[in-house]
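We just call them A, B, C and D in the order they show up, numbering each chain from 1.
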Amino acid sequence: MAKTELLVVRVPFYDTDAMGVVHHASYLHYLENARIEWLRSQGLSYAKMQADKLHLPVVKINIRYKKPCRFDDVIVVAATPRLEGIRMIFDYEIKKQSGEVVLNAQTEHVLVDENLKMREPPTEIVQKIKGD
Amino acid sequence: MAKTELLVVRVPFYDTDAMGVVHHASYLHYLENARIEWLRSQGLSYAKMQADKLHLPVVKINIRYKKPCRFDDVIVVAATPRLEGIRMIFDYEIKKQSGEVVLNAQTEHVLVDENLKMREPPTEIVQKIKGD
Amino acid sequence: MAKTELLVVRVPFYDTDAMGVVHHASYLHYLENARIEWLRSQGLSYAKMQADKLHLPVVKINIRYKKPCRFDDVIVVAATPRLEGIRMIFDYEIKKQSGEVVLNAQTEHVLVDENLKMREPPTEIVQKIKGD
Amino acid sequence: MAKTELLVVRVPFYDTDAMGVVHHASYLHYLENARIEWLRSQGLSYAKMQADKLHLPVVKINIRYKKPCRFDDVIVVAATPRLEGIRMIFDYEIKKQSGEVVLNAQTEHVLVDENLKMREPPTEIVQKIKGD
């Protein structure tokens, strides 16, 4: 089983909108950071992957927004990866410190090279995701 | 049947990322603009709704990304609403001028008042969505 | 004298913040778009410059914010370039439709290649800026 | 003398652009966070100020960009406030871990109420800025 990475985010003012809450698109930034921190927690650097011309674009995203967040709220993003064939899937839950669920989400990724051609994930990543 | 609104977007440089393509979160901005333009095309102003303390937050979002876009690409966002009970659902397709599909998406919304309490959509909006 | 390019912007909802007005950082996006449209108005494509590995990064920026804008406001960005040695400077004024000045700004740019090394602006650009 | 607050930022992928570096507008977000952390370091909560209908909008900004940053760079934002009459001014320096200066900036602010009318800064803030 893959490890779940927890990322703490304090909601920045610039992520709010005129409704007084975090704009729905801003959460995608928090999910991206959580994925990158999961990789880092496994000794994998997304910056190094990029230097090696490997990218992990999002091909699918599902989000269910449950509770709004406001400026300065402290929230925790839990990210857990799994594999489906050559696709890497991350499941997320964002919670407030009170335990209230802010959203549940899922992103699906494929590994691509600099020409955006699909590649099989290297054994190292597969093993990390499987939790071996 | 509700009218489909077409919004033309020229991809701004600031929406690209270091992969050289539009960042996946930026598309949510294009979808939001397309929804707002659909409302306007029906004589409904989202600014006026907001002044009346009515908001239409996103409660669910699904996106399938099919082709990347680059800076200065001209793309067309098609947005079509429908109702499921009191929820308003928009279906989207983004295409390049070549006809290539960039992404398909769906957003689900509920109408809320200033306290973020759910409200039934007013008859005027229901009729517009039904295409009456 | 260089031509002034006018860019009309309808303020998107996602550019607002919890103060109910356009977030100050969003205006930099409008200025960027106005510069790119100035280039286009002169037959110069910033996308083509980028394909040719030439970039025009911002090295200096000054903004005086005078009036806030709100969601759905229609504003006009006026952008006028000039040269100071090898530096390209754009002067901007953003106005509401009422004529009220929203902000005045200035950005300074140098032309760089893919290694971010400074380059002299090509004669074509110099002539366009001088209005020859 | 006011205390200088240091904010450490790891550059997120979503803040980069197709030039491969941090987009110039993203730095305004880092400066905003640094201001808010300065307030917090003094026991002042910007969230509480907002709840009390007090805002601190940017009325002027100057930035000199010196070195580009890339995804995953760790940078330090130093923010130091001072007063000029009723205006609050923050001076910033952003440095890489190597000590290289990324940019120098200055933002000018006034305190406004919910109607965006100017207010004198309360004694508490004045004393904190003066370092009393």
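Keep this in mind: contacts are C-beta pairs under 8 Å (C-beta built on N, C-alpha and C of every residue); 3 or more make two chains touch, one makes a residue touch a chain.
The structure displayed is predicted, hence computed values, not measured ones.
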Those chains that touch chain D and also touch chain C are A, B
A student comparing A-B to B-D should find more C-beta pairs in contact for A-B
Chain centres from averaged Cα atoms put chain B and chain C apart, in whole Å, by 27
Distance in whole angstrom between the CA centres of chain A and chain B is 23
Distance in whole angstrom between the CA centres of chain B and chain D is 33
Expected list for chain D, residues touching two or more other chains, is 13-14, 18, 21, 25, 28-29, 32, 50, 70-71
Touching chain C in the complex, chain B uses residues 12-14, 28-29, 32-33, 36, 45-47, 50, 70-72
Interface with chain A, chain B side, in the complex: residues 18-19, 21, 24-26, 28-29, 32, 50, 55, 57-65, 68, 116
In the complex, chain A touches chain C at residues 13-14, 16-18, 20-21, 23, 25, 70-71
